[in-house]
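Got a structure for you, written out below as structure tokens; questions coming shortly.
Chains: A, B, C and D, in written order; residue numbering restarts at 1 for each.
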Amino acid sequence: MENLIALLVGAPLLGAAVLLCGGRRLDKTGHWIGTLLAAVSFAIGLALFVDMLGKSADDRALHQRLYTWIPVEGFQADIAFQLDQLSMTFVLLISGVGTLIHVYSIGYMEHDERRRRFFGYLNLFVAAMLLLVLADNYLLLYFGWEGVGLASYLLIGFWQHKPSAATAAKKAFLVNRVGDMGLSIAIMIMFTTFGTFAFGPVLGAAGEASEGTLTAIGLMLLLAACGKSAQVPLQSWLGDAMEGPTPVSALIHAATMVTAGVYLIVRSADIFNAAPDAQTVVVVVGAVTLLFGAIVGCAKDDIKKALAGSTMSQIGYMILAAGLGPIGYVFAIMHLVTHGFFKAGLFLGAGSVMHGMNDEVDMRRYGGLRKYMPVTFVTFGLGYLAIIGFPGLSGFFSKDMIIEAAFAKGGTQGWILGSVTLLGAAITAYYMTRVMLMTFFGEKRWQADAEGHEPHPHESPKSMTIPMILLAFGSVFAGGIFGVGDRFVHWLEPVTGYAHGHPPISAAAVTSATVAVMVIGVGVAYLQYGRRPVPVVAPRGSLLTRAARRDLLQDDFNHAVFVRGGTHLTRSLVYVDHSLVDGVVNGTAASVGGLSGRLRKLQNGYARSYAVSMFGGTAVLIAATLLMRAV
Amino acid sequence: MNPVNYLYLAALLFTIGAAGVLIRRNAIVVFMCVELMLNACNLAFVAFSRMHGNLDGQIFAFFTMVVAAAEVVVGLAIIVSVFRARHSASVDDASLMKL
Amino acid sequence: MSSMAVHSLWTTAAEPLDKIPAPHIEYTQLSPVLIVIGAAILGVLVEAFVPRKARYHSQLFLSVVALVAAFAAIVALAAGGYGSTKAQIAAMGAIAVDGPALFLQGTILLASVVAIFTFAERRLDPADHGHKVDSFAAEAAAVPGSDQEKAAVKAGFTTTEVFPLALFAIAGMLVFPAANDLLTLFVALEVFSLPLYLLCAVARRKRLMSQEAAVKYFLLGAFSSAFLLFGIALLYGYAGSVSYATIASVVDGTVGSVNPALADTMGNDALLLIGFAMILTGLLFKVGAVPFHMWTPDVYQGAPTPVTGFMAAATKVAAFGALLRLLYVVLPGLTWDWRPVMWGVAIVTMLGGAIVAITQTDIKRLLAYSSIAHAGFLLAGVIAATPSGISSVLFYLGAYSFVTIGAFAVVTLVRDAGGEATHLSKWAGLGRRSPLVAAVFAVFLLAFAGIPLTSGFSGKFAVFKAAADGGAGALVVVGVISSAIAAFFYIRVIVLMFFSEPKADGPTVAVPSALTTLTITAGVVVTLVLGFAPQYFLDLANQASVFVR
Amino acid sequence: MSFPLLTVTAAVPAVGAILTAAVPAARRTAAKWLALLVSLATLVLAAVVFVRFEPGGERYQLTESHSWIKDFGVRYELGVDGIGVALIALTALLIPFIVLAGWHDADQEASSKRWRPTQGFFALILMVEAMVILSFEATDVFLFYVLFEAMLIPMYFLIGGFGDRAHAGSDENAAAQRSYAAVKFLLYNLVGGLIMLAAVIGLYVVAGNFSLTEIAEARANGTLDMATNTERLLFLGFFFAFAVKAPLWPLHTWLPNAMGEATAPVAVLITAVVDKVGTFAMLRFCLGLFPEASQWATPAIIVLALISIVYGALVAVGQRDIKRLVAYASISHFGFIILGIFAMTSQGQSGATLYMVNHGISTAALMLVAGFLISRRGSRLIADYGGVQKVAPVLAGTFLIGGLATLSLPGLAPFVSEFLVLVGTYARYPVAGVIATTGIVLAALYTLVLYQRTMTGPVKEEVRSLPDLRARELAVAVPLIAVLIFLGVFPKPLTDVVNPAVRHTMSDVQQTDPQPAIQTVEAAK
């Protein structure tokens, strides 16, 4: 059975290879090949899942070792896979949602002449992402980690002719690289401490290492997670990443890749458990991002950017949960999965809307679309309910668990975290309602674009709606399936460990509080956007709003400090290189030349002056010889 | 009389000759100064020969004369041809080649 | 001096003449020199009696045969063990027949042969009034540009005297490094200098410059030999003898019988040191070491190029030979005095030559300065004061002389309306016009620069190695630095030849006769052979590195 | 007397060079094909060497030894260890592509009957190949030195004689800059070489012979002990030359000029092949002959290497000329190599060796494709491009992969080596390791900026008509990329030959890897 694991990665990888090297002759069939191979990997995933369920909880983990990747003195890196419950969860999520989005893209990218390449990239992504979650050592994980980074780079910049897209892609890759720095440093520390970086030994021996070391590793891993999962301070790329085609946003920048950070932290549970300081930092980062993303989400008029902000904030929840330790890990993953469903659904919905609206993204130019695209409206609506945590839907279960866990952290920390999460829930409800209302309710606000094309909103083709419907099912029921009877907890417990947290106040109270804040959020949003007509041109808005529109000025900060500073630095270094380093050399040459020119003058052509030099020379010789004897 | 004085004289003559070479412009004169230097050498040789009481020095003096004569032959030939070409025997005029 | 001595002086002189023992001459050992001198005298006779038409060929034939024969004699002697086991002092102590002597004489002869070929080249200039012309004036005595000269040219005169002159010079050079007493040294010096003065004066083109070169060379040469002579006088005064062996024994105090007069002068080191310094002046002048080098560029530039090549190669060999013998045979007891002095000279020579060469614009002057720099490198080897030092210098001389002659031979090929086009700017793009010639010249330049796989590198390495072994590490560093500087201007010429576009009115490359071709080929072959497989020649030099005393 | 495989491997290209040069002026194409065949033959021979070499066996294998210049204690001694084998393979692998890529670079019309630029171009390339290969084989210091110096001459002619025709400014201007670059290259390296010459002579004075093996032996068993200062001076003499060649900051400024002015294939020859001799020599001669001095100098060298890494990358970002950018990127990468060598850990040195190979291939891929691009548009300035991706997707794709290799993306060869270097460095010098890690961000920066400015965005007018890669160019790019990927996921063939050599080097410098603080199950077995 375990021999199938490689195929999970292999199938989509093959697809990528075929599609990217295949050339134009595959243009007709390319998207089918891509989708098929994604589906294959999903099928294999299911098969393995079924097989896994058949076994007892403790020996479910499978290993497959292909070969030694880098055999060097004292340095063993294997190409080896490990499929345990945690990985399995991701495998299903990735290949499942991935397949759906492949299907969706068939319709969405229909008119793009580079569709084959697009599917190639998608397959590449799926392969890399699966590699990431299946690796049995950190180096191989790093391989997948950078692989998804590459895929995301290619897909964000898929419409390269748009400078904005190209820039966004570059930005995403660079910011991620900063995170990758963290990961590689973490691996170095592991290597020097444990002499290896395979999960088994490292996590097994984590306890023996000094807390300082573990904290260092933890922080470095967190840095990596921040990069990949767009957490403060490395979150700036996610908003721009929306330049990519919407299916990409759905798959990579909502459902799967951006959650890799959470996976990393949960995977390294043993390290974090032994490094409380690191955990604290993790929690803080999560909490801050949670609010940051939410606030940004409230201010954006670009539907995708609004959703991006929401993604950020939701991942903030997961990171926070992961930072809580054993009481949180499971729920982090659980929320990750449910979020995968509903956020993917929401993005696909947004894509469907844009599809019908000539790729208009400004929600202020939407309105009343429910009449024109019912299916989209319903699926999107369900996703909406799920994310705001409407009782009974996926989001409700997962988020509620996290909030409980946050309180359960205990002490003031617990109270703070708890209230932050609650606040976040309220804001979530607010901005999602805002999106909902601006898009599907109220009056139609769209008008002719520059070329005078009046958009004719229409429902999307089946290839797009079906995936949306399926995801909607996920967003509705997943939470219930996982949550009822702690199925999910039991499923993951063997891997991540689980400790039931006891919040200072009763779980029921927490739940009702959650629902309450949710209602408040929705209410406020309704008062703002449901009752009054939405202005087509955004009002100036409060200081906070304006800041939020600019991602709370974080980008401006980056620009001022890193971009401009960097430019100056490089410019001055180029100057230094040319005039100083090179100047010294040329200077020496020049001075020798000058000396030569001066000495040359002595050769003045007069025999008598030559005689003088001879005479002088002799005198010196004599003097020198006598001197030598004297001393 | 102490033969050492002859040496001083020789040295003096030699220096005078050298100085002449350095100062005078006319090639002929310069050349005569060189001859003077050679003769200074001869004087030294003879003086030493007398000191040491062997003939080597004197014989050397003869050779020097012969060589000097040969030098005159060659030297005058060259100088004269230059003089005819430039109508000047000044050493300083012959400075086409420099630097 | 006591009246006693004076009397004895008289009485010896008054002895009946038949008491004077007839000098005993080892003709076999001296055969090389004798052959060349004889040929030279024959050459003079040829000038006197052979009709003008036939002179060129007979002279050429005569000199080549003579030189080859002489070389054969050298080889025979060396084979006969005169270089090593049977090394001896011949001609009543006047001439040493030993390894260094034979090696250097052999080098000089080989160099001379190839040089003579360039003397005889008559294919480069277009025929004048139907007469083939070489690089020498039709009638050197005629005033440049005068009717007399025109007439001479019309009549197809040529200065075939250059061959006997060259032979005399060669004879002198053969004796110079072998001279075993100061008298012979002096005479040999003059014997090879005087013909050279004349040879410088007889260029066909640019006669004014040629004559000027001659004047400068002559005056300064005479000046320097005056110093040499005075130095000799002082040394004689110090040791009471002109024979190397005696002087040496006096210097290191191992002399057998010390009469009062000698004891008196021996006490006076000033005589010794000053004398030594002045002799050094004379030799360093010939070597072309800073600050006695200033004649070199002018003379090299003005003299007819074949002569320049000959001088640059052969003179250096002879002069260094004499220098070695002087320092190693006569003044070993003085090593601690002369070494520091020579250090200084070597350093300024290496650096001076290299630095000034950078800004040269005339190829011949450039090569002149490079020869100065090389003199510096050689001096570094001389200073080593070890057998390996001697052998390295011998090897270097052999390698260097062929590169030099070859280089100057190439210079004779590049011509325009005014004869040889020696200004560097004219060499631009030569590599495009005639890659072969340019490539050959590049090889020579790289050898000068001491790039590995050329003789230049082997030589430089040998010399520096010897210097380092002899404890002159600092010299090696200076040498390395100046080689770096020197590399710059050799490279400049290469850049010019290959990387710059040829000028429209650029010079043409004359197609030489077999003679020059032979010379250049010899140059290239030796350069590469000594670069790739120098071992055999290093062995020769090693075997030849022992002076007889 | 067995078959002199090593000599033959070097002799084939040498002879080929002479033959190529001898091809008549008119038969240009014949010369090209001849050169290509010769380079392929060499590749085959190199492969044989690679196969015949037994990782488990002696340190130096396939040895040959003949007396050469007894008087200088010089022998013609050849022998390869794993490192040599790897680099010979690299050289032999790259040359055919360089020849192929430079197919038309030397088609200048002859300004005279006898002037044969094309023949010369390929002859010189082969000559360089011969010398480089031989220098990787030489186990005699003198022999190595001779080649080290001699290979400058053909390189010099390649740089100065065959410039990049895509030059901003007039022809005279171009010629001037070209010969400036060539002279700069030559003088820099010549000065380095001459200083090394002094050291070589010094070594002879101390050791009395030049045989690497003998000297190392003598040093090991104490029969030859150098005074500390002597050893340090000699070390510095050698290291200086190698640092110029490598090049190490601040001796690097010749490289951008040379690579900028030379044609892309020659630029590749410089940075991918010839410069490797420098780093190779550090590993073999500096560490092998002067272990103590090496350790004495390590801190300083590590600092310089770090400066090279960061400085090179930053300056690369600021470049406006594609080729100069790649040049500075290479400087940064050489920093990594040197860092790995002097980290004195198995991982570091294995990494450094792999790095030499991988950097060679990746730079070749990037630079040659860049060369194709430049030859199309006739400009080296980044600003003159834009949107190429749209008109020439394949070109852009290959270019991107080359770039990704340069920023050492996992899955491509350079990642393996770079990570090994980092780990190896961190193990001994954590701070240095962390600083060096910033290099991976900067590398991403200059690569992606380059790609973005040239390939993406709206299509520039002048670019609109550029053709995509032709068959010949694909034949260059595709195999290189294939090798990059293969070595990226399966470097074992290389590491197998390299590891033993590294083990020997480590024992030369009497160093053992720092042991992990905690013995885990994994590390134990």
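Just so we're on the same page, a contact is a pair of C-beta atoms (placed from the backbone, for glycine too) under 8 Å apart; a residue touches a chain by one contact, two chains touch by 3 or more.
None of the values given here were measured: they were computed from a predicted structure.
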Item to check | Chain separated most widely from chain D, comparing mean CA positions | outcome: B
Next on the checklist: With contacts counted as defined, which of the two, A-B or A-C, has more C-beta pairs across the interface?
Outcome noted: A-C
Checklist outcome for this item: By Cα-centroid distance to the whole-protein Cα centroid, the innermost chain is D
Checklist entry - Could you state the distance in Å from the CA-based centre of chain B to that of chain D? => result 65
Checklist entry - What is the distance, in whole Å, between the centres of chain A and chain B, each centre taken as the mean of its C-alpha atoms? => result 97
Checklist entry - So, what's the distance in Å between the C-alpha centres of chain C and chain A? => result 81
Item to check | Centroid spacing, where centroids are CA-atom means, of chain A and chain D in whole angstrom | outcome: 37
Item to check | Where chain B touches two or more other chains at once, by residue number | outcome: 18, 21, 30, 91, 94-98
Checklist entry - Out of chain D, which residues touch more than one other chain, so two or more? => result 187
Checklist entry - Which chain C residues reach two or more other chains? => result 215-216, 219, 223, 227, 297-298, 488
Next on the checklist: According to the definition already given, which pairs of chains are in contact?
Outcome noted: A-B, A-C, A-D, B-C, C-D
Next on the checklist: Please output the residues of chain A touching chain C within their complex, sorted ascending.
Outcome noted: 589, 592-593, 595-597, 599-600, 602-603, 605, 607, 609-611, 613-614, 616-618, 620-622, 624-626, 628-629
Checklist entry - So in the complex, which bits of chain A are touching chain D? => result 20, 67-76, 79, 139, 142-143, 145-147, 150, 153, 157, 160-161, 163, 165-167, 170, 173-174, 177-178, 180-181, 184-185, 187-189, 191-196, 198, 200-202, 204-205, 208-210, 213, 566, 569-571, 573-574, 577, 581-582, 585, 589
Item to check | Touch list for chain D against partner chain A, complex | outcome: 187-188, 249-250, 252-253, 311, 314-315, 317-319, 346-347, 350-351, 387, 389-390, 397, 404, 409-411, 415-416, 419-420, 422-423, 426-427, 430, 433-434, 437-438, 440-441, 444-445, 448-449, 452, 455-459, 489-492, 495-496, 499, 502-503, 513-523
Checklist entry - Tell me, which parts of chain C touch chain B in their complex? => result 1, 5, 8-9, 140-141, 143-144, 182-183, 186-187, 190, 194, 197-198, 201, 207-209, 211-216, 218-219, 222-223, 226-227, 229-230, 232-234, 236-237, 240-242, 259, 261-262, 264-265, 297-298, 301-302
Checklist entry - Where on chain D is chain C touching in the complex? => result 67-72, 111-112, 114-116, 145-147, 149-150, 152-153, 156-157, 160-161, 175, 178-179, 182-183, 186-187, 190-191, 194-195, 197-198, 201-202, 204-205
